[in-house]
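Take a look at these structures.
Presented sequentially are two complexes of subunit A, the first with subunit B as partner and the second with subunit C.
So, the complex of A and B:
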């Protein structure tokens, strides 16, 4: 466990010593801040909407744009950079297990993802401070929104990890993960675009639809199915990342 | 060389096989976890008003289905009308019903504007002719239609000052549960039409009768003269413009029916002399006036010529449950129409709540000297303006219609041809009114015990300075702090 924490600390330190992390964080906060401001502005102008600030905030196109974009940026360097710089060999010959390396890198990325989203909680505090109103209709909507954010993030980061393990080129890794995440994201919209689909296909697309999941969780409707889905998808993707990582190790 | 390569190839093949096996096992585990997770799941409704939670009553009714029930949400989100306001709530409700009654409830959404072909098929399948957004239900060969606008309680008080209608409560679950109960119960509701007094014949009321058929209600004739009481299975009794008066015995029968929770739908023929029928209405507080509702019209093309318009065009008043969803639709009463006086004191003594439902347009009045219309004009204190031409009475109810229990209910309109097919084709609002009135009379949603869900709105009224401060903190201060921190890290690294 100590070896794992050492590796994890190394990953986290690498992220936060790099100016790129702050550039990502800066632009991410600009985007999410803009989304928050627009959300409040929209509700303020539209009289008496049915949804609270939080429910609108987590379901706007700005939110989804800001949500999908960071994953390739966070994960593209995880393995690709090590392959390119040759530091992976040092890691492979070190007395650590491959699973420890993989999990340290993955959880390091997840830590940065959490740090990325944590300040957005301040938006709702600022809103409460300025208006005296709660941005969500119940504590459940806060729990649901951030729980779904974490679940989606876990899976998409795993995809990024896999993409990064596949290549030594960070740009290629970023493109692979971006395309994969986008395809999965748009798959959930299939039944919206083509309403005449069969019930089975509709249920299937809805089962994988992050938009439907976020819409439901952000309204306080928690469901075990997306939890099982994203945890199992994360585990599956990390398993394949592990296999790819081992394959490259044998090649080395 | 060949000897040396053999174990290596064997070893690689073993590793590959091992890898493949592991992958197959992991994929199998993934599929199994999701299959189980999909079929055995748990949901928690943490929303403030528990708006997604189904009542035990609804779950119990769903369990009673022995075959799948099909529900079609026939609605376009871009439609104008009150139904649009409950579209999203209805979708959420249907999703919850689907989750709760897996394999027993099939939901389909049809957007008529995007899928005209499927919309026509559904119209044929459900014998549904209306253009109004509705829920179409089919359970075996039993069918039922529920207009979406009936799933909400709306506050229309702001309409006069240009404010849009506001959804106050969503009662979709109560309405659907009531519909489920009706569909499960093979016994149709029975609506009796009194005969023997020159009432409108069935051939004149085909559109109304078709509606009743779709509502799983059976229309039957009621020769009241030969009866000592209204049949016990009567869910409502209609008296459609009798030209002859009720006999004393018939009056007693109807009075007893009313006193014992009866539901009456009455269209009056103002030209008929029906004092006994008026005696049925008088204790309730509804007095048909001896007048005719009309207005005068001076033609701009022939000055000095005054035309008397006897076709009454009126509006449905939004303060009653029956008419609140009808919005700005007009009521057209082409035959002689008499106004109704609503005597609230008399009604109060009888524990009756009176509500005006249809009011003639502002230029109309109830003319008392209608037999000589040569020099007709509105006489203050003698004639009536505004003229109420439709009203409802509920005995045992409360001022708030949604909180009542089983009550005697009556709807009266002061004109006979109001629901004739040819009139309804020209003025579909008349049929909408009748549908709404009969739904109210036949209503069983109150008996389900499912409480309508109050709609919470998120009203914000932030000042410019508050918005500016929010913008400052979220768009400048927070990203700025991160940029500053990043700069410090970069400088320290260089140092």
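So, the complex of A and C:
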């Protein structure tokens, strides 16, 4: 456990020491800030159905754009960089378990993801302070939105982790995870683009649609099915990552 | 300390290490020699639990490198080739991180880091970023990292590569001193270094162990003695050649002329040293002599003989 913590601290330190982290943070805040501005604008338009600020905020195209973008950037260096620099050799000849290294890297990335999204909470605080109105209709809306944000993040970070374990080239890792995450994401839009598909296919795609999940969770409707889905997909992807990580050592 | 049985590593169709077996006792300093691609690094990587062997087994201090890898790793200080380091960390920070990973904690960590920094001469760079260090200092950081948890066994893969002659001498001294408390397995291309530091040499070629002995025994095995060189002024070259050939222990004599001096290369038989007799002959014949010497067989000759690079 102590070794895991040492490894995790190292991962976090490595992220926050690179200038890239602050570039990502800066542009991310710009994007989410813009999204917030657009959200408030949208709500003020006449003829809008009565929606809470949170509900709109977590369902705009700007939100999804900003959501998908950081994953490849956060995860691409995790393993690829260590392979490239050869530091993996020093790391894996120290008495640490493969699982400790994998989880430290994964949870280090998750920590940065949380840091990335945490400031968005301020927007709703500012909204409350300025207007005297709550941004969500109930506490469940807050819990639901951020829970779905975390669940989706966990799964997509695991995909990025897997992509990074596959190659020693960070760019290749970024491209793999970007393509995989985009495919998974747009899969959910399938029934939107082709409205004439059968009911079965529509239901099937909606079951995997992050947009549908976020829509229901941001209304405060906490469904256990997506929770189980994303937790198990995360576990599965991390399991694959572990296998790839070990396999590469057998092969190299 | 190290026990290797039939260790084999194959990469696809290529056999890097082919069923080698050897043992290293506690306190030995063993030099690993061999041309590039002989399987030295691969063997060291398997011993340090980085690569799993294809077949065969290896034990470090009684722990199997594959089945009891964590226990074995706790007892090994490994310095990989080219010393990969995290360039964004400061020297003390890096050593603290590595010590923590290897289970060194609290007061002992402070002591150990102080000790290895003194030992490796890192005091004047302790606050510097690893990425800004010169090659020599990087090498020393790698060495300090390998020693920080007081391992029983040090595995050093080419610790002096890329260093200048002064730094090589410093590292060599350091390794010699370490040999008092640690067992050391060291690979290198610099043969004089092996002769100076190692108590035993393993010569690897194409994945097999070709020789394993003390450096002086290896030399003895090649030719008991080297050729004798005589430079003298002689009246008659042919007569002098015949006279030399008659001396006991002399196998062959060839002569060349360098101006008024004659240069004889005297081939000797095994275990024979005819220098005294040659001197006596020169005195008797009244030859002025300017050189009488014997070429020592170097480890380089042994290395060349065993690994046959010309093939």
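Heads up, the rule we're going with is that the second predicted complex is superposed on the first by the 248 of 252 C-alpha atoms of A that agree within 3 Å, B and C clash if a C-alpha of one lies under 4 Å from a C-alpha of the other, contacts with A are read in each partner's own complex, and residues count from 1 in each chain.
To be clear about the criterion, a contact is a pair of C-beta atoms (placed from the backbone, for glycine too) under 8 Å apart; a residue touches a chain by one contact, two chains touch by 3 or more.
What you see is a predicted model; the values in this text were computed from it and never measured.
K.L.:
Do subunit B and subunit C fit side by side on subunit A in the superposed arrangement, or is it a clash?
P.N.:
On the shared subunit A, the partners fit.
K.L.:
Once chain A of both complexes is superposed, is A:110 in touch with subunit B (first), subunit C (second), both, or neither?
P.N.:
neither
K.L.:
Give one of first, second, both or neither to describe whether A:10 is in contact with subunit B, with subunit C, with both, or with none.
P.N.:
second
K.L.:
In the superposed arrangement, does A:93 touch subunit B (first), subunit C (second), both or neither?
P.N.:
In the superposition, A:93 contacts subunit C only.
K.L.:
Mind working out whether A:152 is in touch with subunit B, subunit C, both or neither, as first, second, both or neither?
P.N.:
After superposing on A, A:152 lies clear of both subunit B and subunit C.
K.L.:
Determine, under the contact definition given at the top, whether A:29 touches first (subunit B), second (subunit C), both, or neither.
P.N.:
In the superposition, A:29 contacts subunit B only.
K.L.:
Which partner does A:74 reach: the first (subunit B), the second (subunit C), both, or neither?
P.N.:
neither
K.L.:
Give one of first, second, both or neither to describe whether A:173 is in contact with subunit B, with subunit C, with both, or with none.
P.N.:
A:173 sits against neither subunit B nor subunit C.
K.L.:
Touch test for A:161: subunit B only (first), subunit C only (second), both, or neither?
P.N.:
In the superposed model, A:161 contacts neither subunit B nor subunit C.
K.L.:
If we overlay the two complexes on their shared chain A, which of subunit B and subunit C does A:141 touch? Say first, second, both or neither.
P.N.:
Touch partner of A:141: subunit B, not subunit C.
K.L.:
Which one hits more subunit A residues, subunit B or subunit C?
P.N.:
Looking at subunit B versus subunit C, the one contacting more residues of subunit A is B.
K.L.:
Of all C-alpha distances between subunit B and subunit C after superposition, which is the least, in Å?
P.N.:
The answer for the closest subunit B-subunit C C-alpha pair is 5 Å.
K.L.:
Just to be sure I follow: which residues of subunit A are touched by subunit B in one complex and then by subunit C in the other one?
P.N.:
17, 250
K.L.:
In the complex, go through subunit A and note every residue touching subunit C.
P.N.:
2-3, 6-7, 10, 14, 17-18, 85-97, 249-252
K.L.:
In the complex, go through subunit A and note every residue touching subunit B.
P.N.:
That would be residues 16-17, 19, 21-23, 25-27, 29-30, 33-34, 36-37, 40-41, 43-44, 47-53, 119, 122-123, 126-127, 130-131, 133, 137-141, 143-144, 195-196, 199, 207, 219-225, 228-229, 232-233, 235-236, 239-240, 243, 250 of subunit A.
K.L.:
Under the stated contact criterion, what part of subunit C meets subunit A in this complex?
P.N.:
Those residues of subunit C that touch subunit A are 11, 45, 48-52, 70-71, 73-74, 76, 78, 80, 82, 84-86, 88, 97-98, 100-103, 105, 145.
K.L.:
Touching residues of subunit B toward subunit A in the complex: what are they?
P.N.:
15, 19, 22-23, 26-27, 29-30, 33-34, 36-38, 41-49, 52, 88, 106, 108-109, 111, 114-115, 118, 166-167, 455-462, 466-467, 469-471, 473-475, 478-479, 482-483, 485-487, 489-490, 493
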